[in-house]
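Listed after this line are the structures, all set down as structure tokens.
Look for chain A in each of the two complexes below; its partner is chain B in the first and chain C in the second.
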Partner chain A sequence: MSAERSDQRPLSPFTTIWRWHVTMVTSILHRASGVALYGGVFAMVAWLAAAAEGPAMYARYVHIMISWPGRALLFGFTLALSFHLLNGVRYLLWGRGIGYDKAAADRSAWLVIVLSSILTLAIWASAYWNLGLLAMGG
Partner chain B sequence: MAQLTLPKNSTVQKGKHWPAPVGADPKNVRQFRVYRYDPDSGENPRWDTYDLDTTQFGPMMLHVIIYIKDHVDATLTFRRSCREGVCGSCAMNIDGRNTIACTKPLADIKAKVVSISPLPHQKVVKDLVPDLNDFYAQHAAMQPYLKTTTAAPDKEWKQSIKDREKLDGLYECILCASCSTACPSYWWNGDKYLGPAALLQAYRWLVDSRDEATGDRLDALEDPFRLYRCHTIMNCTQVCPKGLNPAKAIGAIKQMLVEREG
Partner chain C sequence: MRTSYKNVTGLGSAHKGVSHYIKQRVTAVALLILVPLFLFQFLASITTGYEGVMAWLGSPFGLGLSFLVISAMVVHMRLGVQTAIEDYFGGSLRTLALWLNGFFALVLWLIAIYALIKISF
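And now, the complex of A and B:
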């Protein structure tokens, strides 16, 4: 078989045909949430920088962040943080050799998806509840 | 950067359609979408579809493709040998997951159209036959044989029942390559990352109580790519048609390396 022919060989389909397991979903989400948190840190730094700059700049920052796109950004940040934190526990357990069996890995993947959703909603519910108390002057 | 799409010469075109045989009861007809590539045609690969009467062949996916070759389209090319899950030749992607066709029942597949393609992200020689030379080279690089320095005993190298049990779930690998070609890390870095099959094999010799090259074997694995491209995506363990757990073996190797550091 000539090298020339071997170079012409097509690559078999991979991403387009693969049917995902939940463990692949959590793996990709772990990376995606990690990247999101990396970006989110800039928003946190901007918050501190705005506070250091003075009341006017801080007010502008708050104005941006309480807008709907700002809230969506913060909600995404919370979701990424919750997921990355809880899924990180799976990696810690794997590091100890725990949870590698197929059924266990599937279960822990679903558990992290459910718990990180609950945690995110709980954080936001408590944020809105406290905001409500503030508005009532409590 | 990982390439997520197929190169230009690899995009799969629409292919031929083979209608169901005349007189087949529509209730028994299922459609199969099969990846075809003819190296002599100079054309891109294509998806051929076959409408088959499922009463005409046995229950396994290997029966399906053998039926196609025998009765519908003799040009279909694939590897197969033992037809009972021992040789690993008929590994391919069926219904979006890697498996060996001979132990995969058609009845397990819920999809309306049953998709059959070669093991993912491999160079295709023809139709369902991928080039597995790199895969075998990685296996050979693991030096899958007993390595000792002490003088050979008069009879055999002895091993306690307990130590022998440590090899269960490791020695049964049939080298079908379902796991390695299921792994996204292997897709993106298959030239540098050893992949689950080779690493399972490496661990099989690392835990063998008779082997005396443990240190050298660990040295050969301690590398950001060879071993540590494993991010516990678990596709390997999910698809292994023999029910083995390469992810767990890789985790155990990582633990051995940590413990060696002290």
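And now, the complex of A and C:
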């Protein structure tokens, strides 16, 4: 990073100088959510491993995950996954040259923010009401 | 004219860019289909408790879907985090971070495969 730079040529303007705009927010969130989902894959593999280990280990895993910190973590993963999945569609379309102009990119950025919030809430609503997560304890 | 100077100093293209791009996008499209399918099945299975989860993961569809989704995820996540590491780290810290990234991705995949094999037998 900057500490390793021996020359003093100017760096390109970064977050400290740009006016915040929505496509910049979604770009940063895409990377942040992607890195966060590293933990999501870890939690998923731990779930598989716990199931493979046996009923006692599986019960311990469920016990941890339905605790309030566990739920907060899972909610965060759901939000990160919803956002990353929907925002990823924008990148795939841009790769085909679709929706690349400023107005369209702004619109799709807002659309993804709204849709990923709705999707996350829908997944959790279904988890609570249809799957009886509330009745499972905590 | 080109000399091998850049190879000695470790600069210039490593000729991995195109395959990185293609792999990232192929896994992205695969995950776009696999993740909603997996999530739907997963949410249904966890209501059935331990026995139900084992039955689903042991079924051909549950096993195949889990194998595909975890494999695509591990490749996609390794490539994505690699890009982030290359953006923010330099020198020996970058080398270490890239190594750890590859290591964790492989270990997570192997644990998942071991778990799925153990569940199906």
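Please note the rule applied: the second predicted complex is superposed on the first by the 114 of 138 C-alpha atoms of A that agree within 3 Å, B and C clash if a C-alpha of one lies under 4 Å from a C-alpha of the other, contacts with A are read in each partner's own complex, and residues count from 1 in each chain.
Keep in mind that, in the parts below, a contact is a pair of C-beta atoms (placed from the backbone, for glycine too) under 8 Å apart; a residue touches a chain by one contact, two chains touch by 3 or more.
Fair warning: this is a prediction, and the values are worked out from it, not measured in the lab.
Novice: Mind working out whether A:Trp94 is in touch with chain B, chain C, both or neither, as first, second, both or neither?
Specialist: In the superposed model, A:Trp94 contacts chain B only, not chain C.
Novice: Name the contact category of A:Pro69: first (chain B only), second (chain C only), both, or neither.
Specialist: neither
Novice: Look at A:Lys102 in the shared chain and tell me whether it touches chain B only, chain C only, both, or neither; answer first, second, both or neither.
Specialist: A:Lys102 contacts chain B only, not chain C.
Novice: Should A:Thr23 be classified as contacting the first partner (chain B), the second (chain C), both, or neither?
Specialist: Touch status of A:Thr23: first partner only.
Novice: Answer with first, second, both or neither: which of chain B and chain C does A:Ala59 touch in the superposed model?
Specialist: Once the two structures are laid over each other on A, A:Ala59 reaches chain C alone.
Novice: Where on chain A do chain B and chain C both make contact?
Specialist: Common to the two interfaces on chain A: residues 31, 91, 95.
Novice: Considering the complex alone, what residue numbers of chain A touch chain B?
Specialist: Those residues of chain A that touch chain B are 5-6, 8-19, 21, 23-24, 27, 31, 91, 94-97, 100-102, 105.
Novice: Taking the touch rule as given, give the residues of chain B at its contact with chain A in the complex, in rising order.
Specialist: Residues in contact with chain A: 4-7, 9-10, 12, 35, 37, 39, 44-45, 93, 95-97, 115, 117-125, 130-131, 182, 184, 187, 231-235, 237-238, 245, 247-248, 251-252, 254-255.
Novice: Would you tell me which residues of chain A are touching chain C in their complex?
Specialist: Residues 1, 4, 31, 34-35, 37-38, 41-42, 44-45, 48-49, 51-52, 55, 58-59, 81, 85, 88-89, 91-92, 95, 123, 126-127, 130-132.
Novice: Once bound in the complex, which stretches of chain C touch chain A?
Specialist: 25, 28-29, 31-32, 35, 39, 43, 46-47, 50, 53-54, 57, 66, 70, 73-74, 77, 80-81, 84, 88-91, 104, 108, 111-112, 114-116, 118-119
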